[in-house]
Amino acid sequence: MKIIRILSTLDRRIIFLLVGLGILIPLLKPLGIPENITPPVRDVYQFIDTLPPGSAILLSVDYDASVLPEVHPMFLSILRHAMLRKVKVIGIALNPAGVGLGVQAFDRISKEFGKKYGEDYVYLGFKPNMAATMLGLGEEIEKVFPTDYYGIPLDSLPMMKEIHSYRDIALVISFSGANIPALWVSYAYSRYGQKVAAGVTAVMAADYYPFLQTGQFIGMLGGMKGAAEYEDLVNRLLQKKGYRKPMPFAIKGMDSITVVHLLIILFIILGNLGYFLQKKEVK
Amino acid sequence: MHLAADPWVWVAAILTLFIFTFLYKDNPLYKFAEHLLVGVSAGYYLAIYWHNGVKPNIIDHIAQGQLIYLIPFILGLMFFTIFIPKTSYMIRWPIAFLLGAGSGLSIPATFQANIAEQIKGTMLQPLSFYYSNAALINAIILFVGVLTVLTYFFFSKEHKGALYTTARIGIIFLMIGFGASFGYTVMARVSLLIGRLQFLLGNWLGIIPSW
Amino acid sequence: MLQRKIPLFIVFLMGFLMTVQFYIPHPVSQTLYKYVLDWMNGVASMAIVLAVGSLIMHHWRRLKKPEFALYSAVTLVSLFFMAILGFFFGIREGSLFQKMFENVQIPLQATMFSLLAFYMASAAYRAFRARNLEATLLLLSAFILMIGIIPLGYYIHPRISDFALWILNVPNLAAKRGIMIGVGLGMMATSLKIILGIERNWLGG
């Protein structure tokens, strides 16, 4: 009884320390638990994997650094997958604090695959009004983005000569820690029938299941787990094609998540044991 | 262990540590980092809004002689009136333009995405009876769940009698839903810390592979 | 007149036209629709002066107070420094602007949010109690999810993972859909109230 009482009234700093260690130790000594692939992630992977080479997808950087470790690995993996499969990629950003993350990701991954700017991929940059941008892309991309992120007119980018609106885009994937993927459904899917998928933070993932069931999302990557699954699928493909496997950050991170999940469950159980003990004593 | 040679990595690592000092207590290092973040972000926004918004979507058009773009330009200029007390009411005009158009565009879009499609997805469709018993049971649970949750949010009538029971069932569904969200939230919060530790241990200290 | 009636008229006109164009795809309404979409991004871009202008004024005033002066100076100097870099020295990969973004803005923002992990754990330990049926259900659902969504859950027994997915796909979906329909109705009602001038809070004082 005494030990339960002590364990249920631990100081805040001890909790902090345990959480810190719970993350740190698996990073230093990985557990290496393999990923299991869930249906919403597999759906996105299969969609991109079966696109004919030369098709185009649009990736929207709708996140910023506050959710970087969850969403950025998804963005990198999907970009790798698309570039490996010779799918053309258009990047845009609807979060002003995330624009530079897109710049960084495109620069990095295009170098890995020797892709050429303007021919294999473009980065159109940021626009502030989400609804007007999502709807405008269904009418004429050049109207919304007269120039790309770097100020180059769109008509001087060879790749954009054949891509004018959603009609020429196979899939839009919104990466976000907020409700922006839902807006893509409202404006791009509902009005123009554009296929939409989402890469979202774990906080948002549970909220988006209604969109999966109705087919408004063709698939979804939820949190670091979703990112780890996609990393696993793409890394396997890279290995098969003879490429060097990139560092799997989300897969490595999942080891720490496993430990901390168990820790939190333990904390909650201890807290509750203390609570019931106290209730019994009061009676 | 091989420490980073790039001075920028050191800048990022030191700033990361400044923020972590908050775990002990609020202090000048944290406050410095916090104010730096606000300043750098605001400066970043200014440049991005100019290069990706104002210049390509207004100024370039006017420079090419497309004078119709003077309309959004003048509307946009009205935002500056906030700094002149006498004319500050004019800020309402561009806001009215954005708010009016935004509201108008959102009504049919919201109806389609949030209501029509969701109702369609909840209806017991012939296919539910076709697949398997499990699929049918799930479809029924879903139907009952959506209906009872909506009843819970119906406040125009006091929750008594049958309405009370239905709303209670709605709460059960809501609690399971919130629990699911919480389960996911733990992963979200932990992920953010993992990212920072991967940076410190990897990019900075070189103990583990870097980002 | 200028202060209230014109903005209310603009809001009504734009709201009415943009709602109607969805249902009446006539060439005239379509042309107007395309113009409005185009202008919305232009006008919204200029709204940044509101946010940054207020921020500058706020910190400018704080410069006179000794206890805040130093911190506000940090904000103002970094703001102007970053803006000058962006305006005059380019925003490409490899530019000083992008380097500042990658090595100052990203780590600061990411670390600030990473602190939440500690507080979330501490809060779960202190506040998450099975006080009644509702709280117990919430707790159980969270437990199953926490085990079921990590690979460990799947390898202990695939059924655990299946059960977590079932929770997400059936009862969770029902709850979230109920909320979604409610929020959707609320959004439509608010939009309509704004267009019709019933909701006028946005006009301010």
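We call the chains A, B and C, going by the order they appear; numbering starts again at 1 in every chain.
Simple rule for what comes next: a contact is a pair of C-beta atoms (placed from the backbone, for glycine too) under 8 Å apart; a residue touches a chain by one contact, two chains touch by 3 or more.
Remember, it's a predicted structure, so these values are computed and weren't measured experimentally.
Taking each chain's centre as the mean of its CA atoms, A is the chain most distant from subunit B.
When chain pairs are compared by contacting C-beta pairs, B-C ranks highest. Centre-to-centre spacing of subunit A and subunit C amounts to 17 Å, using the average Cα coordinate of each chain. Subunit A and subunit B have CA centres that are 14 Å apart.
If each chain is reduced to the centroid of its CA atoms, subunit B and subunit C end up 3 Å from each other.
Shared interface positions of subunit C, i.e. residues touching 2 or more other chains, are given as 22, 36, 38, 40-41, 44-45, 47-48, 91, 101-102, 105-107, 109-110, 112-113, 117-118, 124, 139, 143, 146, 149-150, 168-169, 172-173, 176-177, 180. With touch defined as above, residues shared between interfaces to two or more other chains in subunit A number as follows: 16, 19-20, 23, 66-69, 97, 100, 127-129, 131-132, 135, 149, 191, 206-207, 210, 213, 225, 257, 260-261, 264. Residue positions of subunit B with contacts to 2 or more other chains are 23, 41, 44-45, 48-49, 51-53, 57, 98, 101-102, 105-106, 108, 110, 113-114, 118, 121, 177, 180-181, 183-187, 190, 192-193, 195-196.
Taken together, the subunit A residues at the contact with subunit C in this complex read 10, 12, 15-16, 18-20, 23, 33-36, 38-39, 64-69, 97, 100-101, 103-104, 107, 127-129, 131-133, 135-136, 139-140, 143-144, 149-150, 191, 206-210, 213, 225, 254, 257-258, 260-261, 263-265, 267-268, 270-272, 275. The touching residues of subunit C, when paired with subunit A in their complex, are 22, 34, 36-38, 40-41, 44-45, 47-48, 91-93, 98, 101-102, 105-107, 109-110, 112-113, 117-118, 121-122, 124-126, 128-130, 139, 143, 146-147, 149-152, 154-155, 158, 161, 165, 168-169, 172-173, 176-177, 180. For subunit B in complex with subunit C, the touching residues are 8-9, 11-13, 15-16, 19-20, 22-23, 31-54, 57-58, 68-69, 71-73, 75-77, 79-80, 82-83, 89-108, 110-111, 113-115, 118-119, 121-122, 138, 141-142, 144-146, 148-150, 152-153, 170-187, 189-190, 192-193, 195-196, 199. Contact residues on subunit C toward subunit B in their complex (touch as defined above): 2-4, 6-8, 10-20, 22-23, 35-36, 38-55, 57, 71-72, 74-87, 91, 97, 99-118, 120, 124, 133-135, 137-146, 149-150, 164, 166-185, 187-188, 190-192, 194-195, 202-204.
Listed in rising order, the residues of subunit A touching subunit B in the complex are 16, 19-20, 23-24, 27-28, 66-70, 96-97, 99-100, 125-129, 131-132, 135, 145-147, 149, 151, 182, 185-187, 189-191, 201-203, 205-207, 210, 213-214, 216, 222-225, 247, 249, 252-253, 256-257, 260-261, 264.
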